[in-house]
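Heads up, there are several structures right after this.
Next come two complexes, and both contain chain A; in the first it sits with chain B, in the second with chain C.
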Partner chain A sequence: MIVVEKRGFVLPSIHSAPPFFTEQPNPTTHATATAQWIKLILTYARHRKLFTLRVEDAETAGSDWEEILRNERINRKILAPHLSNILEAMVQQNLAVYEPPKQARSVLVFWRLQEEWAEVLYDWVTSTGQLNTIMTFYDITDPPLESLLTNIPLSLLRKAIGILGKTNRSQIIAIADGEGVRFLSRSK
Partner chain B sequence: MRRGVGLAAFDRQEQSKRSFAELSSELSKTQVDNLHSQLDQFRTALAHFASTHRESIKNDPTFRHAFQQMCASIGVDPLAGPRKGGWWAELLGLGDWQYELGVQIVDVCVSTREQNGGLIGMTELVRLVSKLRGVTGGEITEEDVISSIKTLQPLGAGYQVVEIDGRKMIRSVVKALDDDQTVILAIAQEAGGRVVEDQLIRRKGWTRDRARAALENMLLRDGLCWLDAQDERTGRSYWIFSALQWDM
Partner chain C sequence: MGSNQSLPKITAQDKAILDLKLQRDKLKQYQKKIQGILDREHAIAKAQIAAGEKDRALIALRRRKYQQTLLIKTDQQLENLEQLVTTIEFSLVEVSVLHGLKQGNEVLKEIHKEMNIESVEKLLEETAEAREYQKEIGDLLANTLTLDDEEAVQNELLALQWDIEKEEAAGVILPSVPEEEPIGEATTVAEPRKEPEVRQKVAAPA
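Up next, the complex of A and B:
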């Protein structure tokens, strides 16, 4: 059974199965369930362009994630310790990082790999003709014309810029009110 | 009157014996020839039938079923024959078809094993295999699945069709279901996958300990069911996933 939710996201049929919301005691089953949760979180994040997932989202009504963390029809919701373990698994698999670092309550979800974000960023800069221009981070996260990078968290943006920096395609530059960045055309 | 008792009588007898022998070998030779030509005819007819109906056999489940039944009733195994793979198989391409289906069955069984513990309902298996084959693969039926599973037997992977409470299921792990588990599976199927201790106590007259032990074994040891710890009524219920439909 597939349930289409109001925002057009297609929930997988497992989301209607009550035991999906319980942490499974059998290790094999647990691994399957966790994999299904991670897949659901990533596709949902991508669908709604969500970047931050907190353990608290399991308990807060009306959070951005409510649609997947709860299922009102069968009266089930994921519990905070369960969600916390899933976040840990995501971090281990490099599908998320704890953000801010040194805590385990909140993650930055990578529904695109960091390397992919770097390419998205570079493609956007190139296609909008902003190579060799000094830009502020704000120019990127809040461009006049909405882009794939609109609202991208600063920490993720920095990572993407860092990745481009390794191939000499970006430079961080100090400007009057903080930091800016300049993208360079691919040498050779 | 006297009958001749001379040597000529022996000669006559020998002569007629020889004639009879010749006649009999003549007769059996004709019969054998006849049989050979009949067999040739049969093979030609079969080859003709196979080439004419090859596509129908591959694509039409009803036709394929009728064909397989016909084969069974005349004692011919479509997969066996003098040559490797069988000349039936070669004529029809049915061998490949069957093996291909076998591989798809294994694929589905293995990929769903973690969710259902290696036990999958026939309808669900047919549904998932059909999905895997896509629209161009043609329709497949339960009979096809059963005969394909038979062809998998020499591999010794333990694929088996079992019947639980009138419902066919395919088991892909070599693990004997004990009686209690069979009962639980049957109950789960009636109840849409959900089983609780009380159901077993009330309907089967089990003691609570027995019900709990059987369910916990299925959950923890065999991974045949999932736990729901948020059940409103009992606080703890067990879900048999092989009794559910589930898209991946």
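Up next, the complex of A and C:
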């Protein structure tokens, strides 16, 4: 059974299966269920452009993730320890990172790989003609016209800029008051 | 240094521009904050009116008004800052244009060195000579018509003459252009009736 939620997200049929919301004791089933959860979380995050997932989202009603973490029709919801385990698996697979670091309650979800974000960023800068211009991070996260990068978390933006820096396509400029970045054309 | 060689140096200008832009961001964020306060005061005023506290609603609205003036002021400041940033960036573009012009000028000078006036004059002279020579050849060729051609030309002349004679023999006599001045308009206007008669007389002999 496929259920289309109000925001146009198609929930997979497994979302209507009660066992999906319980941690499986059998290691094989557990691994499959976790993989399904990760897939669901990533596609949903991509659909709604969500970046942060917290363990507490499992408990609080009305969070951004409510649609997938709960299923009122079968009266099930994922429990906090279960979600915490899934987050751990995601971090291990490099599909998320604990943000802020040194805690395990909230993660930054990479529904695009960091390298892909770097390319998205570079494409945007090029297509808007902002190469060789000095930009602030705020210019990127909050442009006058909404872009693919609108509201991108600073830590992720920093990583993407760092990746571009390795190929000499970005340059961080730091002054006492803050930081800025300049993107450079692909050098020969 | 090794891997950073292709990166441009960060100049004091760059830092100044970044500083300006960061200030601009701060203003933008400040505006967002004020907007939030505006919305909040509006909600408070609404709630107070609903609760029947007219005075308090009034206070909230007054606060809101004050914040609104702040917002307008920051708008002006933001405009100033943005203008400054744009001006600086445009000047940088101008500088690079100037640089480009300079280089172009250098190249042009190099090229000019290779083509000095003497060699151009010489070249033009040679070209003129060649043209002269070409013209001579053309004239020579034009003057030597073959016998057949000459005969054809003579025949054409005769035919033309004959045509003209034939036309004259047919005796078509065309009226010559009147030499006298046309009669003033006054008479024609005064006696419009006479005109048709005159026309008939002229038409009859033809």
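Everything below uses one rule, namely that the second predicted complex is superposed on the first by the 185 of 188 C-alpha atoms of A that agree within 3 Å, B and C clash if a C-alpha of one lies under 4 Å from a C-alpha of the other, contacts with A are read in each partner's own complex, and residues count from 1 in each chain.
The criterion applied here is as follows: a residue touches a chain if its C-beta (ideal position, glycine included) is under 8 Å from a C-beta of that chain, and two chains touch if they have at least 3 such contacts.
Keep in mind it's a predicted model, so treat the numbers as computed, not measured.
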Fill in: Which of chain B and chain C A:Ile14 touches, first, second, both or neither
first
Discussion item. If you tally the residues of chain A touched by each partner, is the higher count for chain B or for chain C?
Written reply: B
Item to complete: For A:Thr32, decide between first (touching chain B), second (touching chain C), both and neither.
Response: first
Discussion item. Taking the superposition on A as described, I'd like to know which of chain B and chain C A:Met135 touches: first, second, both or neither.
Written reply: second
Fill in: Which superposed partner A:Asp177 touches (first chain B, second chain C, both, neither)
second
Practice prompt. Classify the contacts of A:Asn168 with the two partner chains as first (chain B alone), second (chain C alone), both, or neither.
Written response: second
Worksheet entry | Touching partner for A:Gln24 - first (chain B), second (chain C), both, neither | first
Discussion item. By the touch definition above, which chain A residues appear in both interfaces, chain B in one complex and chain C in the other?
Written reply: none
Fill in: Interfacial residue positions of chain A with respect to chain C in the complex
133-136, 138-139, 142, 168, 171, 173, 175, 177-178, 180, 182, 184, 187
Worksheet entry | Footprint of chain A on chain C - complex, ascending | 3, 6-8, 10, 14-15, 17-19, 21-25, 28-29, 89
Response to the item:
Within the complex, chain A is touched by chain B residues 114-115, 193-194, 219-220, 223, 226-232, 237, 239, 241, 244-248
Discussion item. For the complex, give me every residue of chain A touching chain B.
Written reply: 1-2, 12-14, 17-26, 28-29, 31-33, 75-77
